[in-house]
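These are the structures in question, set out in turn.
Common to both upcoming complexes is chain A, partnered first by chain B, then by chain C.
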Partner chain A sequence: MAGVEIRQVVKQYGRVEVLHGVDLSVRDGEFVVLVGPSGCGKSTLLRMIAGLEGITGGEIAIDGTVVNDMPPRERDIAMVFQDYALYPHKSVYDNMGFGLRMRGTSKSEIETLVHEAADILQIKHLLERRPGQLSGGQRQRVAMGRAIVRRPKVFLFDEPLSNLDAQLRAEMRVEIKKLHQRFGTTIVYVTHDQIEAMTLADRIAIMKDGHLQQYGTPDEVYNRPANRFVASFIGAPPMNMTPASVSADAQVIRLPSGMDVTPRGANLAACAGRDIVIGLRPEHVALGHDDPSRTPVSGQVELVEPLGSETQATVRVGDARFTGRFSPEAGLKHGQDVTLGLALDRAHFFDAETGEAIRLAA
Partner chain B sequence: MLTFDSTKSKPTTKPLPLSRLEKSERHLGLLMILPAFLLLFAVVLFPIGRLLVTSTQRLSLTEPWLGTPFVGLDNYREALTDARFWETTLNTVIYIAVTVPGAIVVGLGLALLANQPFKIKWPVRLGLLLPWALPLVFAGLIFRWFFEFNQGIVNNILMWVGLPKLAWLTDPFLATVAICIAIIWKTSSFVALILLAGLQTIPKSLYEAAEIDGASKWQQFIEITLPMLRPAIIVAAIFRTITAIQTFDIPYAMTNGGPGNSTETLAMYIHKTTIDFLDLGYGSALAVLMFVVSLVMTAGYLRYTRRDPRQEA
Partner chain C sequence: MMRLPRPRVMVLIAGLVVVVNGFVPAIWIVLTSLKTEAELLRLPITILPDTLTFQNYTRVFTDQPILTFMWNSVAVATLSTLLCVTVSALAAYALVRLRLPAPGLILSVLMAIAMFPLISLMVPLFQVMRTVGLLNTWWALVLPYAVLSMPVCTMVLISFFQDIPKDLESAAMIDGCSRLGALWHVVIPLTAPGVFTAGILAFVNAWDEFLLALTLSSRVSSRTLPVGITLYQGEFSFPWPIISAALVVAIVPISIIIALFQERVVGGLTQGGMKG
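Up next is the complex of A and B:
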């Protein structure tokens, strides 16, 4: 087991710079998820850790050793690819044992280790089959088997669940989590799915356009997002974002279309006289105005999405829109006039220009 | 308990009579394939049929007064006892045995080279296509000049490095070697094109996985490239073998089968029998024998391609 240190890592393709000095420290045994939209550089960073991409600037160290010029096979890592990259002409057994064979492990030891890994992943009955004869979920298990059989220092996962259907994805998430709990090996995991990131990670690194936006625990990135991008990227349905301006005495928030709201339960002194963006999670939007801690606003239901256990509805308030998660019993209808209670004490405030979070005084 | 007996409930299936629409569609379908069928009949089926008929006749244009009597399998019997038939067949087998693997090895090398991430790819690809685009006889003439005793570039190089000149085209063994070299040069680019297409279907991630698994470049070639290329190699080998059975132009242009009959192929012998000696009956029997061998090879190819190449990979 080992930690991974990424220091000021830069990646350029010709003149195009895709990673602009990323710093990231993965502790020994930690499960770190790199998450971000397509093209943010997360897979490139993972491939640089693996040694499949060269490093233009900066340093990557695995277990304290700088690996910048070390070929992949000497880094003692294992990687699970998005397309699994199973050798189609080899049996599952040979796929799993390939890395051991290349490293000169004896036949009897390979057999023991492959059977042990196959046992853990419940794929013993598939060992004689070829990858072409397996389902997507089974291939995924074999790809993980190939990775764990060598007991490497670090596991790297490159969007491993993106080719699976929703149910299988949920199942495999559990499997991956179990594997991490069982082996305690350091994992760096790339995904664009924020649910995977939230459910799996010890810490999440959120990236955008080759920059690290925030690095923290799932609780930190969800409850204390560093900026507007992180706030809107993490959470489903996404956080409601409403541009607004705050009066000089911080007593009145002016919403788009000139609607003035007197905030309850939030000390907006830090936002006084500024143009801001209010970020409010859907769970902090309620129906009714009985709760004195909530700020009431009136609007009209624009969209209703019943999900069975809850109903998501978007309410138009002037030019602003708020999506909330409501009880199905509320019986919301399209076009219905409603009053919403906004829990502004739970809201996030961002600078309208920079998008950086404004921390309010408690 | 509710049980279900599939044998009892199996409905008796009787083909339903065709509706008017289905009948007219069937007629239209037949009408559409008729031109292609007529063309194939004219250029393939009829000549083969005529060849089979002629091979059972005594038909020599040098003895027209004998007519064209039916002789059954006499021409075939004659072929099987004809020393020159066996000699030319053996020569053909030698060309197949040497030039097919030779072209695959050279073609694989060229394909691997062309598959490298060169910035400018067209010179490599053009270099690859050029020998293929050249007419066979032209290639034969070029190599005849290369291996020519006095002015040939090969002997010039041998002299330049201090070795004696060799009688490339007049020594039976050396002539076979020279012809094999010419055939390999001419045909390896076709093999390379097939293998290049095969190489480009191998996902890059397999090499990356192998690299992480600890495989060296050579191990990646043995463990990934070669097995993944197997279907392409087999297709190339079969195509190459079918054309190698019919080897004619290059030895014809380089040695015309000489010295003696030492470099003569079966196709050249058929050509000589029918065109030079005007013995159409016997020549046809020889051609049928060659056709049967080609057919067996083609059948092997068709049988192979029925399988799913990805599963085979």
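Up next is the complex of A and C:
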């Protein structure tokens, strides 16, 4: 096991810079998820850790050793690819044992290790088959088997579940979590799926346009997002974002279309006289105005999405829209007039220009 | 009766033309090799031999050292094929995978080699081979044959290598291979049909070549089959049946090789490793 240190890493393709000095520290045994939209540089960063992409600037160290100029085979890492990347001409057994064979492991030891890994992943009955004879889920298990069989210092996962259907993805997510608990090996995992990130990670690194936006525990990135991008990227349905301006005495929030709201339960002194964006999670939007800690606003139901256990509905308030998670018993209907209670004490406030979070005084 | 769609009819006609063009001369050679010279020159022309004779085949082996010619051909074609496929595979891999400056230009230059009329290379090649003392050796033919087949082999391999997902090589490199190791363990086995196709092209080119073989190997002991077969022709005689028999002897080995590897050439091995 080993930690991974990424210091001021830059990646350029010709004149185009795709990573702009990323710093990231992965502790020994930690499960870190790199998450972000397509093109944010997360896979590039992972491939740089693997040694599959050169490093233009900065340093990457694995287990304390700088690996910038070390070929992938010497880094003692294993990687699971999005498209499995199993060798089609080899059996499952040979796929799993290939890395060991390349490292000069004896035949008997390869057999023991492959069978052990196959046992863990419940693919023992597939060992003689070729990848072409396997389903997508089985192939992904084999790809994981190939990774764990070598007991490397670091596991790298590059969107391993994105080709699986929703049910299989949920199952494999559990498998990956169990594997981490079992082996305790350091994992760097790339995904664009924030649910995967939240459920798997010890810490999440959120990236955008080659910059690290925030690095923290799932709780931190969800409850204390560093900026507007992180706030809207993490969480489903996404955080409600409403541009607003705060009066000089911080007593009134003016919503779009000129609606004035007197905030309850939030000290907006830090936002006084500023143009801001209010971020409010759907779970902090409630129906009714009985709760004195909530700020009441009136609007009209624009969209109703029943999900069985709850109903997600979007309510139009002037030019602003608030999506909330409501009880199905509320019986919301399209076009219905409702009053929402906004828990502004739980809201997040961002500078309208920079998008950076504004921390309020308690 | 089922009506074939028009494009299919055109394809069938084109296929028929190719087959007739390829097989009729070959069949004619076989039939000629089984006739006596008298029958061949007789009018009206007979298609099937009146009296079947294998005398011509005996003469093929007794009149000239055809086994020496054949051995020379096998050696020259095999060595040039191995050399050509090895270098072409490395070149194709570099052009497909490495970030080379101006790969298009490199490819164009490579293709330009194939455009050179062979006759224009004859004098310089002769002088080079004489200078380095390779005249009348296998290498005088192996080296130019390998180079001449390289453009087409490289192009064939490029098209096959392009279909191999990059992640397979990445996986191999993480599993402990060097870049060349990944090429050997993963790319080459997966592009076996392409490698065999390139190999057969190079082999056939070398096996059939006449002009260079005539110029660079003047001793009987170093001659290859195409040149050796011309030796059956006398100053005032042209023994067609014997020459036809010699041609059949020359065609047989290459036909066997193609038949043996045909399945590998046609078979696809790449399904299943990646998604989809």
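One rule holds for everything that comes next: the second predicted complex is superposed on the first by the 362 of 362 C-alpha atoms of A that agree within 3 Å, B and C clash if a C-alpha of one lies under 4 Å from a C-alpha of the other, contacts with A are read in each partner's own complex, and residues count from 1 in each chain.
Just so we're on the same page, a residue touches a chain if its C-beta (ideal position, glycine included) is under 8 Å from a C-beta of that chain, and two chains touch if they have at least 3 such contacts.
The structure displayed is predicted, hence computed values, not measured ones.
Undergrad: Could you classify chain B and chain C on chain A, in the superposed arrangement, as clash or fit?
TA: In the arrangement built by aligning on chain A, the partners chain C and chain B clash.
Undergrad: Between chain B and chain C, whom does A:Met79 touch in the aligned arrangement: first, second, both, or neither?
TA: both
Undergrad: Name the contact category of A:His89: first (chain B only), second (chain C only), both, or neither.
TA: Once the two structures are laid over each other on A, A:His89 reaches both partners.
Undergrad: Going by the contact rule set out at the top, does A:Pro131 touch chain B (first), chain C (second), both, or neither?
TA: Second partner only.
Undergrad: Chain A residues in contact: does chain B have more, or chain C?
TA: For chain A, the partner with the higher number of touched residues is C.
Undergrad: Name the contact category of A:Ala50: first (chain B only), second (chain C only), both, or neither.
TA: Both: A:Ala50 reaches chain B and chain C.
Undergrad: Considering only touches as defined above, state whether A:Met102 meets chain B (first), chain C (second), both or neither.
TA: both
Undergrad: For A:Phe157, select first, second, both or neither according to whether it touches chain B, chain C, the two together, or no partner.
TA: neither
Undergrad: Can you list the residues of chain A that touch chain B in one structure and chain C in the other?
TA: Residues 50-52, 71-73, 77-79, 81, 83, 85-89, 98-99, 102-103, 130, 132, 146, which sit in both footprints.
Undergrad: Which residues of chain B touch chain A in the complex?
TA: For this pair, the touching residues of chain B are 203, 205-206, 208-215, 219, 223-224, 227-228, 230, 310-311, 313.
Undergrad: So in the complex, the part of chain A that touches chain C is made up of which residues?
TA: Within the complex, chain A touches chain C at residues 47, 50-52, 71-73, 77-79, 81-89, 98-99, 102-103, 130-134, 136, 139, 146, 163.
Undergrad: Note which residues of chain A are touching chain B in the complex, please.
TA: Answer in residue numbers: 50-52, 71-73, 77-79, 81, 83, 85-89, 98-99, 102-103, 130, 132, 146.
Undergrad: Of all residues in chain C, which touch chain A in the complex?
TA: 165, 167-168, 170-178, 181, 185-186, 189-190, 269-275
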